[in-house]
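A, B, C, D and E label the chains in the order they appear, each numbered from 1.
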Amino acid sequence: MPKRNFTQSSLYMIFSYKGYLVRRLSIDLIWIVIPTTILCAVHEFNHVDIKMNFTVPGLLGAILGLLLVFRNNTAYDRWWEARKVLGGLVNTSRNYALQVENLLPESEHKNEIIKLIGAFPFVLKEHLRDGVVYAELDFLGEKLIKELKEWKHVPNAVNQLIQRRLRIAYDNKEITDFQFLKLIENSDELIDIMGKCERIHNTPMPSSHSYLLKTYIYVYAIIMPFGLIDNLSWWTIPAVMMIYYIAMSIVTISEEIEDPFGKDPNDLPVDRIAQNIYNNVQEIITK
Amino acid sequence: MPKRNFTQSSLYMIFSYKGYLVRRLSIDLIWIVIPTTILCAVHEFNHVDIKMNFTVPGLLGAILGLLLVFRNNTAYDRWWEARKVLGGLVNTSRNYALQVENLLPESEHKNEIIKLIGAFPFVLKEHLRDGVVYAELDFLGEKLIKELKEWKHVPNAVNQLIQRRLRIAYDNKEITDFQFLKLIENSDELIDIMGKCERIHNTPMPSSHSYLLKTYIYVYAIIMPFGLIDNLSWWTIPAVMMIYYIAMSIVTISEEIEDPFGKDPNDLPVDRIAQNIYNNVQEIITK
Amino acid sequence: MPKRNFTQSSLYMIFSYKGYLVRRLSIDLIWIVIPTTILCAVHEFNHVDIKMNFTVPGLLGAILGLLLVFRNNTAYDRWWEARKVLGGLVNTSRNYALQVENLLPESEHKNEIIKLIGAFPFVLKEHLRDGVVYAELDFLGEKLIKELKEWKHVPNAVNQLIQRRLRIAYDNKEITDFQFLKLIENSDELIDIMGKCERIHNTPMPSSHSYLLKTYIYVYAIIMPFGLIDNLSWWTIPAVMMIYYIAMSIVTISEEIEDPFGKDPNDLPVDRIAQNIYNNVQEIITK
Amino acid sequence: MPKRNFTQSSLYMIFSYKGYLVRRLSIDLIWIVIPTTILCAVHEFNHVDIKMNFTVPGLLGAILGLLLVFRNNTAYDRWWEARKVLGGLVNTSRNYALQVENLLPESEHKNEIIKLIGAFPFVLKEHLRDGVVYAELDFLGEKLIKELKEWKHVPNAVNQLIQRRLRIAYDNKEITDFQFLKLIENSDELIDIMGKCERIHNTPMPSSHSYLLKTYIYVYAIIMPFGLIDNLSWWTIPAVMMIYYIAMSIVTISEEIEDPFGKDPNDLPVDRIAQNIYNNVQEIITK
Amino acid sequence: MPKRNFTQSSLYMIFSYKGYLVRRLSIDLIWIVIPTTILCAVHEFNHVDIKMNFTVPGLLGAILGLLLVFRNNTAYDRWWEARKVLGGLVNTSRNYALQVENLLPESEHKNEIIKLIGAFPFVLKEHLRDGVVYAELDFLGEKLIKELKEWKHVPNAVNQLIQRRLRIAYDNKEITDFQFLKLIENSDELIDIMGKCERIHNTPMPSSHSYLLKTYIYVYAIIMPFGLIDNLSWWTIPAVMMIYYIAMSIVTISEEIEDPFGKDPNDLPVDRIAQNIYNNVQEIITK
């Protein structure tokens, strides 16, 4: 089980993340800097007195702050729910393998079931990305891979193949009626876990929320200089950029972590988890 | 499984949503603009000095902000709960179909059960709208549709028809006592999911909350100009309109997403989910 | 299933609610208005300069705002939990009736069980109010009502009577050991639902919270005028009244919705839900 | 089921609670009053101008406010979780008694089981206080009490005694294999409830949190006068006392309700709940 | 069951914690003090007038406050979830031991099962630290320890050994099919608990969050002096240090409690809980 490595990841983040965010936000920042600079120039050279105190930007800022917190919390909640679901995948796979190992006598279909249990996390993670990568599933053997390739929804296929083999064991009287249904319950749980992953992956925030939040941040960045310019003159430009950057960095991170099954630096270690499950299942059957 | 298409939906939202919100809120805005304009005119032409600083609008604004956050969060929680319930519908339907496929021998009632499982999501979604659309259920065949038409509460009917056919299978000794009850449990879960959807659909926020929030926003929009006018003079009008618009856009979106089973742009993709379930069930039985 | 009727309920609320709150809060308001008026008079006629800026009322206002949000959220959480529990009552009753209908052969005790399932919601709702109204239970027949009248805790009695009849069916070998226990599980769930309703009904907020919150609002309303009077002079009176009214309206609504089983306009539609369950159960057995 | 008696408890709280809090906080208040008074005296008689505006106390106040909300919410969450767990105790006990009553034939061990179920809440509540009070358990009879006295962990003992008697019924073939395990499941739930109560009782907040919060409130109360004194002069003393009192009253109430199994006025009505369970169990077996 | 000992732990915390935090944060504080001091010196000796009011630091402070609350709440939620999971470990272990004690006849494998149940908490806690400490497991006897040493994932091994012995009991017809699967369910729950602990231990916060929060606090501490210096002159240095210290103490405590299985003063009493479980299991089997 890998240890946390704070300093290393922290250093990595400082360089990769700052650069990453700066890159993503730099084009937006231009659109904020231009009107602010014009305003500063007008104010400085024409000595136009901008009669606005800070009350309107202050009010808007409070509403925006609350919307940012909402955005941040809901994104984190999804990320953490996704982590819980993957934790459930680890547990269910271990349990399933342990039970099959202890209940079924040695046979070809038993081996295939355990292989399929170990394959499910690999299949699921790529199903949530661009499609199943059969190269990861070499250990299944050609026959099973050929069967899987006939299906569109491969994770469903893995469960169907497992259940068919359990049915064979039941028909051969290797397990009782009751044991058969107990084993099937684990498949139900795997389907449940898959469904939860699909839900998190396929349901972005209500688009009105993410659209309005971005619009309001932009509007806010346009209005804010009017409230600052009398005090800060040219310093208004870095002040507005900084506040815009901080607000948008929260939005950007939220967008990344709310669908955590990809390969971005903030995503969950899905590949490592799949490999761990495979290792645990292997250890259970070889001992 | 459809991919997220951020840019496309985002562009769509910018045009459709802005227009949509502006249309919905434009009549209200008139009632805000008129008193504000009168106040500005009085202030500008009569040189009446309005002796009010920003403390009272500031205090009210803080309370309103917290109520808006509350409104937004509860609406989002319902929307997300509805999404979870629909995810549960996907899983339970897949499981039910897989189990029926693997436990029952081929027979007419088996085919009917699987058809009915595939029909349930269609029936449920229209039950939550204006009533069942039998055109979507062609695949059931005339006999089953005729049976369903005798019922008022069609989703209950679908479950009753499934359970009757399971009873036949049990009476024919095709499944054991224990298997029969395990299969029935899936029906229980479908009824549970339906109940949760009905709960979300039929329970608006306590009306005192939604009524008072709107009243307070209006009162606030009437009082706010007194605090702004000494600084902003005529700019008070757009400032008040903007803050009112932002507050009401949060209320309006909350009202839309708290009952997410309709056909508005922010509602959940209920039709697509029903179709997905139907496709999954079809794939399970044809392989 | 009744549709939401926003406009109608909204209009109703405007008149009934405003009046209702004004009536409830009017006596309190007098105790706020008198000291504020005295302060204004002293300030205006004696030209006493009250040397206090807005910092202390501002700090207190922030703490009060957070306590009000806490009060509002916990009350709403209870209301929504109560709604979930009643939704569970709908589902469990439907399931119970469906299962009894499909598992037991026709007999007198079967009919009685289904009647008792339909009676449970009526019994429960009045148990949470002032005591069971036997007039609503006419459909049970005199014999069953007489049995129920011997009990103090009538919802427990309904479950006991159901379980006794299931025991008879079991002793007559109409159902197997396993089926008997599955059916009993539904009774367990009904008892569970009843327990949750009793918990919400019998547990007010920790009294220290509700007492201190009201005290602090009152203290705040006494202190606030000192911070406002230099700016607002006589306008202090309506300003203080308005802020006090808004704060107390949140407290008052919270007190109402945290015990939602009564007959107030904000309470849950308990009677309609009970009637719906009865109708659904009737439809299940007559088809 | 006792009704809520708001006015009565409210009056009681006004006198008992205010006095109680004043007593608990009075010594602390002295340590706040002394430095504030010295500061006021220096400011007033030496005419030292304290050059500090309100920004630093304002910032600290905001952080403190958020920490107070956190403290308040987590304490309430525990209180409410404890209430839910006790509600679960009511339901599980009722169910257990109903099932034993309906499944087992009359016998001595049946009577003992039902007595032990009724005794569990009494045993549990005192286990969470100072140790079991055998005087409350007279109804068990001397023999059972003697058996219980041999154990250190008495709630575990009650469950062990129940399970042994169920084992006797099973060995006598009074109940089937399946029924035996269903009944045992209720014991598992009682143990689960006990574990949750122990968790809430034995786990205070991370001590860093409660220590730092108190320290920060004290530091805040020392710094705050510097921001207020220029405006309020001698009125600084009551202002600081009031804000300190309000902050500490939230902390004090939180400390009380986060371990709600005691006998303080804010604790849960544990004794009444135990008595209610006993009465319900009695009614079930005598009817 | 140890009592809460507030005063003692409080005193301990005052000395150990303050020192601990000061030590951890002292190097950081230097990097804050140096630029602030330079700024003060420039301001004081050159009489440069820094034209910045408090609006920008105020806005940033609000965003930071909300991020700190988010950090604090998520860390506490993990800590409390970890506590719940350990509570579940206590309950499941007690139940497992009670059931094995009551269902299996005396035999060598029964004794071994109960020993292994008592060993699981010790194995789990060290698995979450640096690896299993076999010295704590002396009571298992050499034979079992030798078997465990062959495994990499020792908690999985304990469950596998338990299940093998249950299989022996099942093959010897000491328990029925149904009882066997009920007992196995407890092992599933132990694996579930282990998985949850591993999830909390292995998943730090999204690194973007913890990195950005620290960066923003630092940026804030650099900007804040510009807003304070006109009012506070040299007092700016302690003011900035204090606010930085409070913000960083929240971050530091959050980092500690979000992985609560270690041996820090804020971590959960994992060792004591493991010992308690062992004692309870011992009491159950010796009575």
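Just so we're on the same page, a contact is a pair of C-beta atoms (placed from the backbone, for glycine too) under 8 Å apart; a residue touches a chain by one contact, two chains touch by 3 or more.
Fair warning: this is a prediction, and the values are worked out from it, not measured in the lab.
> Rotation angle for the CA superposition of subunit B on subunit C, to the nearest 5°?
70
> Measuring centre to centre with CA averages, how many angstrom lie between subunit D and subunit E?
Inter-chain centre distance comes to 24 Å.
> Just give me the whole-number Å value for how far the CA centre of subunit A lies from that of subunit D.
Each chain reduced to its C-alpha mean, subunit A and subunit D end up 38 Å apart.
> Please list all residues of subunit C that touch 2 or more other chains.
Residue numbers touching two or more other chains: 62, 178.
> Which category does the touching pattern between chains fall into here: line, ring, star, complete, or other?
ring
> Beginning at subunit C, go round the ring through subunit D first and name each chain as you reach it.
C, D, E, A, B
> Subunit D touches which residues of subunit C in the complex?
51-53, 55-56, 59-60, 62-63, 66-67, 70, 74, 127, 150-153, 156-157, 159-160, 163-164, 167, 177-178, 181, 184, 187-188, 191-192, 194-196, 198-199, 201-204, 206-212, 216, 219, 259
> For the complex, give me every residue of subunit B touching subunit A.
The contact residues of subunit B facing subunit A are 1-2, 4, 6, 9-10, 12-14, 17, 54, 57-58, 61-62, 65, 68-69, 72-73, 76, 79-80, 83-84, 86-88, 90-91, 94-95, 98-99, 102, 176, 178-179, 182, 227-228, 231-233, 235, 239, 242-243, 246-247, 249-250, 253, 256-257, 265-266, 268, 280, 283-284, 287.
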